[in-house]
Every structure is written in C-alpha cells, then in structure tokens.
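Note that subunit A is present in both complexes that follow, paired respectively with subunit B and with subunit C.
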Partner chain A sequence: MKGHRKPLAVLALLFAVAVLTPHTTPFVLLLVTRILILAILAMSLDLLLGFTGIASLGHAAFLGLGAYMTAILAVRYNFGLGWGFPLVILFGSLLGAATAALFGLFALRARGVYFLMITLALSQCVWGLAYRWDSLTGGDNGLNLPGRPVLGVIRLGNDTAFFYLVFACFAVSLLALYLFVQSPFGKSLVGIREHEVRMRILGYNTWLHKYIVFVVSGAFGGLAGVLWAHVSSEVSPDDVTLATSVDVLLMVVLGGPGTLFGGVVGAAIVVFLREYLSTLVPWWQYVLGGAYVLAILYLPDGVLSIFRQRPPPLAAGPVSAEALTPSPGPGDELKINQGGIE
Partner chain B sequence: MTNKWFRAVGLSVIVAASLWVPQALADELRIGFLAPATGSLAQIATDMTNGFRMYLDDHKGDFHGAKITFIVGDTEAKPAVAVLQAEKLIKQNHVNMLIGGVLASTGYALAPVSTREKTVYISSIPASDNLTQRDADKYPYFVRTGWTSSQPSHPFGEWACKHGYKKVVTIAADYAFGYEVVGGFQKTFEACGGKIIQKMWPPINTVDYSPYISSIKADADTVFILPVGAGTLQLPQQLMEAGIIPKMHLIGCGTSFDEFILPHMGDEVIGAISPLQWSAALQTPKAVAFVKEYRAKFGKVPSYFSESNYTTAMIIDAVMQETHGKWPGGEQFIKLLTALKVEAPRGPISFDDMRNPVQNIYIRQVEKKQMDGYPNAELWNVVIQTYPQVSQFWTFNEAEYLKEPSYTRDYPPCKYCE
Partner chain C sequence: MDARFWLLQLFNGVSYGALLFLLGSGLSLIFGVMRIVNLAHGTFFLLAGYVGLAVISGTGSWWLAIPAAALAIALLGVAMERLFLRPLGSEPLRQVLLTFGFVLLIQQATLDIWGGSNFEINPPAALMHSLVLGGLYLPLYRIFIIAVAAAIGVLLSLVLDRTRAGAVVRATVDDAQMARGVGIDTSRVSMLTFGLGALLAGLGGVIGGAFLGIYPGLDFEILPLAFAVVIIGGMGSLAGAAIGAIVVGLADNFGKVLFPQASYFTLYAPLVLLLAIRPTGLFGRE
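And now, the complex of A and B:
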C-alpha cells in the first residue's frame, strides 16, 4: 500500500463525516460530537500508550481539569460565554499541559504497572478535589453551565454549530498530533517504546522525551475537557472517575494503539455501541462485551488492523513510513532508523 | 485485497444497520423514564418502575385517550449518564416528558436539560431543594411530584424537640441530599431548643461505618442516620453491635427506613422514628388498597419510590383527562399539572407556586406487628403523628427563607459541635 493512501482515506472519511452528520438525526449528531471530543482525548492517550509505550490510567484528570475550569469560569466568573471562549480553549490546553508537567515529575519516575498506579492516584486526587471542594466545584452536585458560548452570529447552542466547532478542534488536533508523531521527535518516542535502554545508549535523554510527550498529551486532554464541559452543559465528579480513564484506554486499545486514528475509531465504536445500541436492544452490554473479546482475540492490534496488510518482511527494501500506522512489528526498527536516529 | 474490502464492506453494513431509527406513532404520549437500573441503587429503580407500571397496567396504557409509550433509560446513578440518556430519550425517542432520576445530583443535572430542550421533566424522586426554590425560575419545565429533601425534616425537627430529644449526633451521606435533610432538621430542632452536637458525613455507599460509630459523642441521647446506597442495612446493624442502640434513640431521614429496605432489616430498627410523605402502614382506604394491589402484583410492600411514581402516573392521567388525551405542549402541561388537586395513596396533594407538592408529612415509628390481615408479623412504619399539608417552606416566610443560604455541609453552622 502506498504511503499517501491512508492520509487520503482519512481525509475522505473526515470530509464525509463533516458533510453528512448534520443530516442524520439530532441524536446521532450529538453522539458524533461526543465521539470527536473523546477521540481527541483518545489520540492524546495514544501518544503515551501507542507511540511511547507507557500506559496511563489518569487521563480522566486532564479531561476533568479542562471541563471544571470551563465550568468554573462560566458559572463563577461568567467568562468564556462570548468571545472569551477561544481564550478558554487556550487556557484549558495550558492547564492540561501545566498539570501534566506537574504530574509528570512524579509519574515518570516509574514505569510499567507502577506508572499506571501513580497516574491513577494522581487522577484520583483531581477527583477528590472535584468532589470535596464544594465551594468551587459544587461537590457531588457538579456544576451546570448557563449555556454554550455565543460568538457574534454563531450560537453554539445550536447543535450543528457546536458540532462544527468540535470538528474543527478535532481536525486541528489530528493534524497537529500527526505532524508530531511523524517528526523525528515522534520517531524517537517509538524508539523508546521499542527499546528505551538502547535509545539512552544512543545518547537520547529518554526521560525528557517522555516528559515532553506527557505534557503534550495533557494539553490535548485539557482541550477535550473544555469541549466536554459544553457538550452536556454539566460537569460532575463522575467525569473524573477511573471509569472515564479506563474507557479512553479501551478506545485506544480497541481502535489500534500507535495509529493515532485508532483512537478515533475506538471512540466511535465504544460510544455507538454503548449509547446507540442501547436505544435499540436491551442486551447491548453483551454486544459491547462480545466486541471487546472478539477484537482482542482476532484483532489484537485494534480494529484498524483490518485495513493493514501483513507487515512487510525485513528484507523488502525501504519501508514507506506507513502513514498513520507505524505498526509494531519488524517494520519499526527500520522506521526508527529512518526517522529519529540518524 | 478482496478479503480486506469484503471486511470493510461488512463493517459499513453493520454501521448502516445500526443507524435504523424507530418510527414514532401518531396520537400517543411518549414518556421517558430514567432510573438507575444498574449499580447500587438497582432495587430502588425496580420499585420506581414497578410503581409507574402498575398504574399504567391498571389503565391498560391509556390515559383518557392518550396511548402511553413507556421507555426506560438507565442512569447508572451517574449525573453524566443521566444527561446523555435524557438527550437520547428526547432526540431519539421523541418523548413528551422525562420522569425519574434518584440522586439529588441527577436532579441538578437533568433540570438544565429540560430547560435547554424545552421538555417537561417531572422529578418523582430527586429532592434537591433548590430546583423548586432558589433556582425555580431557571427551570420552567421542571415540576416535582415527590418532595424537597428538607420538607419532612422541618416538622420532624420540631417534633423531635417537643418529644424530649436533646442532643443529637447526625451520620448522613456526604452530598446535597444529606446536607439538606440534616440542615432542615437542624434548623427547626435548634430553633425550638434542641442541640446538634456532632455532624458526620460518610461518603455515599460507605459499607463499614465503624470508624464513625466509634467517634459518636458519649453524651448524645439520639443518633440521626441517613445512609445512602450499599450501607443502608449495615449502619443500624453496626450501631446495635456497638451498643449505641438501644442506649440512644434512633431517628433518621424517612429513606433510611423506607419500605424498599425495611423488609430486609432486623430488630435493630424497631422503634426508629423518621418522617416522610408516605408510609405503607397508612390506614387510609386508598393507601391500604394500593399496598394490597402492589403486594399481590410484585410480592413486596411498596416503598415511597413505588408510591411516588405511581402517583406521578396518576397525576399525568389527571392532566390528560382535562385535555381529553391530547398533549397540550410543555408549558400548558406544567400549568395544568400544578393547578391539580389529587388524592394519592399518600394523601391529598396540591402544588405551590414553585411547582413543589404541598402534602402530608407523617412521623412514623418502626414496629413489628401484623397489619391489614397479612399473615406474619413484619416491620412497618406505623404513623404516630400527621402534619397535614406541609409546604416546602414549612411555617417560614417564603421570601425570607429564600434569602437564606441553601443547606450545605457547613450551613446551618454547627454551634454546639466542639
């Protein structure tokens, strides 16, 4: 498969989504909006899980921080409901990045399951704050936003307008993250995933690389949070629970880790199976469970691997940078050589 | 390659099939019912749904010409899920109204949805005070057929003080409902001369209460309990094991000894006193008949969760009677509903101008005895005093009451705690 085909396919798919979604039912529109937001979060997690090889159970914290910041600014300070909204998006991303910068100092000292536990603990701290800091966060009641922002003639209270805003944020995130993982820096992350010691021997400051990617990941998590607050106009401690983190992890694993776009596919599958199927049949949970099991048994590299051919043998000459899918497997060593190391 | 495309096509067929939308029938009333069918509140969800269903079945799903389509959504007792379920019911199932929810937080999350989507939301259970008080103007499509958290607490505080309770320790779930129930009790109890000497707030779904129980102050004469979720059975048991019962009086929120859990409780709760707008031991003909039918149908004494939703169905039916089965539109529906006076199993109900019921509050004491010709001695909430037609503002001046802060963890402040 040629290298440029996949970005083209993705572009065509996105174009179709952008054009067709507003013509479906209002509920599907709402679901697609949610999917795109969760997809931003899933892609940001994929940076860690798929590309760098570190699994985090704390991604709900970044979503929660972005969402709570948006809600608190709107409810307590009446800010971000007009032209201040782009600033809120910026602040949300910065808050996510700043928090990740702080959390990273603790979490990145560990690896593997210990990293998992530390990120879990840190995100539980955020949950604790949300639940207990009544005067600021509304405690268990959460916060109700007074409405979506109005930007001049654009009223985001209109679900279609809001969908396009989310879509724009999603498209920009996808592009930015794509360029990020395609850069030499992105390739060095794959190197860390495959063999961190070797990377260190080659002179890379792997801790710093992981720290930077953690911060970037947090920034996009915060961005997703800002949008998340407005999609349901309600923020509660439930958004920050372990269940949210696990959901995102599942989306990445289901779609295909290390593919960026896999997170999008995973988010779509999980949200549609859970929210849409549940409207049709009462036994939807079995379908969801079945889908997880089947995916893990037959598509261990995620649903996107349906579209992927067998990894080319090592001797097959120069491996094209498989656009969106730097597949784990023999191809990786070569790609690292092409990208970061030389 | 063909194999790959084959799979891709298969995938898109599945996606397309899932986009199928159920068609709405003409001339019907579509009701979206939200209940936490999974999770620690599942029993409550069953009681709620059964209550509503019983009225539906009694009337063969027909409210004076309106054919009822009843669609249940599972909130999992999480506000965020409740919001999505509500959006789904409105946008996908095109319901005329939403009913239900349990936790106060769910009520707070759903009320804005009703405003945003201009869809009626009838809160049969969530009791969050402010939705029909300080925030009532924000939510014009919101109406309550249940109660406000502090509504039974106000008369109860006075009752407790007049009946010689002096120093009370409270153990209540750490969220809005707990704050409001305890706050209302504290307000009238202390105004009359009683003292709350200690307030403890274990989280929802606490299962082991021993750390809280061991720190109960020894000079208290009464413990006020309000557990929510998984630990509702454990708290009275652990109080007994620790010797607090029978040394101190046991009182609490009506839900602590409600019939959804009462049959599973032991002798430790005998004598416990609590207030609520319902008791299955009410001796009015309507209540007795309701309990009898419900018991025959579902093999269980109806809880307040059942009664409240049965009554909600009855109230909707009453509105439909006035419109001859036509959906009058959300605003008109609210107007008609709040002008109603109905005789429910719990007693007479009317509505105040903030869309909350004015109703009897019963002070009930748990007793073990035979009632209404049922064969065995069982635990019942025997009514020992009735406060007729209690409003959410009790005897306070409404305007002044609304100017005060809402009840929270720290309000009213605990003057007698050390």
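And now, the complex of A and C:
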C-alpha cells in the first residue's frame, strides 16, 4: 500500500546510512553524526511548527540546556563519563522537559508573532546565563569536556562507536516521534494547527495539548543537547544563540514542516553547507544565505515536496468516486498552516 | 561607589538607550506595520557602520558619512522589501527566515570587503571632549547621541501624530485590513516603513560605531537588545520604543555593574514576564 511505502523508504535510507557511514572518511563520519543530532532537534521543533502550527524562535535553549548540563556534570562533578552516561542522557531529556514545562507556562500565553518574541526572550535568558555565569558555565570560553564517556569496553572516544550511539538515539527518537504524531493525540495537534477555535468548540483543551507537545519537544531538544556536548567535546554560548534557533527553524522549513523526516533532510542540508562547504570555499555563507532566500521563495513546502507526486489529472483515467470527493490532495496534508502567526 | 559613580552609570545607561532607540524605533515601526520580525535589523546597523567607514576614508567627512550610510541602508531596505518580502505576502515565519538569509549574505559580503578586524569610527575632534558638570566628566559624544535620538524621536512623533502620512501609518498599524478597505495603499506604506526603519538603523550604525566599534558579530549582539526595546514598548509605538530603549539601556548598564554573573538574565527574564502578562508590550495595542 502507498501508506507503507514512505516508512519503508525511510527505513532503507537509514539502514544504508548506518552501514555505509563508518566506511567513509573520519570527517564525513563526524559530519553525519552532527546531522543526526541536529535532526533530533529539528524533528522536535517540527512537532511544534509542522504539526501544531506554532513557531518557536528559541529552540536553541533546549540544545544549550542539555549540552551545558552534560558539560557541567562532566567538568565540575566528573559525572557521566562512565556508566553514568545513560543517566546523563535521561537527565538531559528530563531537564529539557522540565524547562519546557516552565517556559511553556509563559510562552503559551502568547500567540503568533508574540510567541516568536517570547520564545526568543526565553532562549536569551538561557544564553545570558551561559554567557555570563562564568563560575558555572565558563562564560565566553565555554567548557571543554575531558573526553567522551567510556562504557566498559565501549569507548565512545572512537568516532564510529559514538556514531552508532547517536544513530541509536536518533532512530529511537524518530520512531517515538512518529508514533506520537500518528497517535490520536498527534492527530488532534494537526486539528489545532488547522483550526484551533474549532478544536476548542469540539471540547478539546487546546492549551493543554500545546503545553504537552511543548514539553515533549523540549525533552527531545535536551537529548540532542547531551549528544551535542560530546560531538566536539566543547560547549559555548554560541550553541545557544538566536542564530542556532533560526538555523533549526530553517532545517524544518527547508525539509518540509509537518513531515518529521523533512527535519532530517533539512538538518543534512544546513550542516552540509555550514560544516562541509566552509572547509572548501571561504564564501560558503553566500551559498547558505542564498539557500535560505531561494528555499523560502520557491520551495514553500520544503525540499521533499520536489519528490512528492502530483495528483494525476482527472482526465487521465476513469473517474473514480474517490477522485470526485473534495478530499485534500497529498499536497494539502503537508501544507503548513501559519494561521497561528497572524 | 559614591553618588557620582551612580550618576555616571545613569548617564551611560541613558546614552546607550538613546542609541538603542535609533535601532529599536525602526524595528518597532516595521513590526507594527508589517508584522515582520526583521532579523536583518542588527545587520543593517553593522553594515551602515562599514559604509560610514568607507565614506569617511573616501571623503574624510564624518558629517557626510552619517546621511550617506543611512540613505544607502534605506535603499537596501526598500529593495529588500520590494523584491523579496512583498512577494511572500503575509507569511511571518517565511519572512523571518528570509531576513535571516539576508543576514548571512550581508555578513559574508562585509567579511569579504572589510575583513574580520575591529574598526572604530573616530568622530570629529569637536565631539571628543568631555563636559564637566558638577565634578562629573560627561563625554560630549554621548551627549550628542542623546541629542540626536531626542531630535529624531520628536521629529518622528510629530510626523506620526500631526501629518497625513503619519495617520496612514498609524491606521496600518492598528488594522491593516481596515486601512486597505478605506483606500490606503498599505503595500506602499510597508515599503516606506521598511525603508525608514532601515534608515534609522543605519543612522544608529554610524553613530554607534564610535563607541561600540564595528566588528563581525556586532549585529547579532545588538539585535536581541533591539527586540527587547520593541517588546517592552509594544510594536508600532514610538513612545513605547523610547521608554523601552531607556529601560533596556539602564538595565543593561546596571545589570553589568550590579549582577555581572546574571546581567543578561536580569534583562531578559523581566521581558518574559512582561510578554506573558501583556503580550502587546506596555504601549502596544492589539
């Protein structure tokens, strides 16, 4: 069936990535590792943006919280570099969720452009602490981790081992988020995106729905942060800046909001341009900037929409009853509605 | 830490606030009229600094650099609005990302042309003195900034409150759809507002270049502060932007003196509270 083809294609692609990546160069291995980590972050933002229709301009806060927590535990308390690391992953997710639970109380009072502003202000709070609270965070210089964790015989200092850990986290996140958006709860989120007032009239507590999805999103953001701290063994206030938040937004919009996997594609493109192209040419930022402008102007539904089949014209075949019903075409289900941002 | 110290900090805070007013008032107008979160506003500010520098090295005139750079940035803003933002219609998120694309493009261009070093704009010698007032040494240049910001503020509020053009802008801020309904060309209002906002940012960039310096990364250091001004004041409100600018200028200055470890937190956390309680800011209207 058509409904099963997409997940199968994704599975095949993931399998290929898992098998092939370790056989490439060490540079590509780290590049793909970064892509997978930021893909977790992008997917978590897609929950908000693509599925619920609320755009956050502060998602870097959760990445930063997870990353700084990991670094502070490692540097100041020497924790999480051995068998404590699974706990750090758990704590990072919980910290992301808890912070989102706090932030959500404030942020979800605002809507539209004001939601953008309040999430920006919230993430600037986190950035301000990271930048200024030297005694804890190392201030402008950030923190250098002593190395990646060692779990018995598994040394994550080995890039291949770390890649597989990240890959496992990514795969679990993808699956969990997929099940989440496929659940009745996920469907009601889409309902909120399409028409919040209607959902409220139907008796849904839309605030609670948005609050829960914000917390879940924060949890995955925190998870991405934990992994991010270990990818280059350093964290700095740059990880928490507005620019990072905008980059994550672009990943989602570039890949196609409301598709989950689009965030992965977007992360791949943005990381490739930022990290790989910058090693080749000094003017890489023109390409990244150009990608922003062109993608926004010409690919409103994201890169994935290029591969999506257009519905066949009615005249091409016998007219079925299905074709006559005004059901939404495949293009519509992925269309992002920014009704919340007016 | 005597009274003189605190008075000096107060003065520094207000003069920094004056600079932020130049940046924030334009951002606020753009926000109010077009509902656009213009992430390129700080980059306009930075680019103006570089352009001003080029004008000074070309002509030797600092007084010429200010209007020249401001006009150049205004033209850039108008072009950006016409060619790129307008075709998007009203899709705030995509417009936000588009402005960030321009941030990257302009950043790379300034890096290619001027390199990564720190520059400083030297104001004319006449403004380099200090005014001694009751034992306080007040740099004349900071007084100049306050004067410019006050003059611009008064001029803008006169235009907004007393002229037809101002009424048109106010109508668009209040209800763009209704404004269109009564025959106002809101598309042109948007273009001119964006240009005016860019002009003000450009003005701030050249003037601010003398005490902030000009260096890559300055744009995103100052942009969140400009947003703070807009948030406090409420979008589209000039009086709000003025008060917001002074509050942010003082909070930034005193925060760094009083709570060095949490100085930015003490600035942004109250903003969050304000936004949660009154999303439209102190002076904004829904």
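What we mean here is this: the second predicted complex is superposed on the first by the 309 of 342 C-alpha atoms of A that agree within 3 Å, B and C clash if a C-alpha of one lies under 4 Å from a C-alpha of the other, contacts with A are read in each partner's own complex, and residues count from 1 in each chain.
FYI, a contact is a pair of C-beta atoms (placed from the backbone, for glycine too) under 8 Å apart; a residue touches a chain by one contact, two chains touch by 3 or more.
Nothing here was measured: the structure is a model prediction, and the numbers come from that model.
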{"item": "Overlay on subunit A: subunit C relative to subunit B, clash or fit", "value": "clash"}
{"item": "Which superposed partner A:Asn144 touches (first subunit B, second subunit C, both, neither)", "value": "first"}
{"item": "Touched partner set for A:Asp134, first subunit B, second subunit C, both or neither", "value": "both"}
{"item": "Superposition-derived comparison: subunit B or subunit C, residues of subunit A touched", "value": "C"}
{"item": "Touched partner set for A:Val113, first subunit B, second subunit C, both or neither", "value": "second"}
{"item": "Partner chain in contact with A:Ala18 - subunit B first, subunit C second, else both or neither", "value": "neither"}
{"item": "Touched partner set for A:Leu277, first subunit B, second subunit C, both or neither", "value": "first"}
{"item": "Touching partner for A:Ile212 - first (subunit B), second (subunit C), both, neither", "value": "neither"}
{"item": "Touched partner set for A:Ala171, first subunit B, second subunit C, both or neither", "value": "neither"}
{"item": "Partner chain in contact with A:Leu30 - subunit B first, subunit C second, else both or neither", "value": "first"}
{"item": "Clash with subunit B (superposed arrangement) - responsible stretch of subunit C out of 81-89, 135-143, 171-179 or 261-269", "value": "135-143"}
{"item": "Shared contact residues on subunit A - subunit B and subunit C", "value": "134"}
{"item": "Sites on subunit C touched by subunit A in the complex", "value": "31, 35, 37, 39, 84, 87-88, 90-94, 96-98, 100-105, 107-108, 111-112, 220, 223-224, 227-228, 230-231, 235, 260-265, 267-269, 271-273, 275-277, 279-280"}
{"item": "Interface residues, subunit B side, partner subunit A - complex", "value": "4, 7-8, 11, 15, 18-22, 74, 78-81, 83-84, 87-88, 91-93, 103-105, 108-109, 111-113, 116, 128, 174-176, 204, 408-409"}
{"item": "Interfacial residue positions of subunit A with respect to subunit C in the complex", "value": "49, 55, 57, 105-107, 109-114, 116-118, 120-122, 124-125, 127-129, 131-135, 241-243, 246, 249-250, 253, 283, 285-286, 288-293, 296-297, 300, 338, 341-342"}
{"item": "Residue ranges of subunit A touching subunit B (in the complex, touch as defined)", "value": "24-28, 30, 34, 134, 139-142, 144-145, 147, 157, 232-234, 236, 238-239, 272, 275-280, 306-307, 309"}
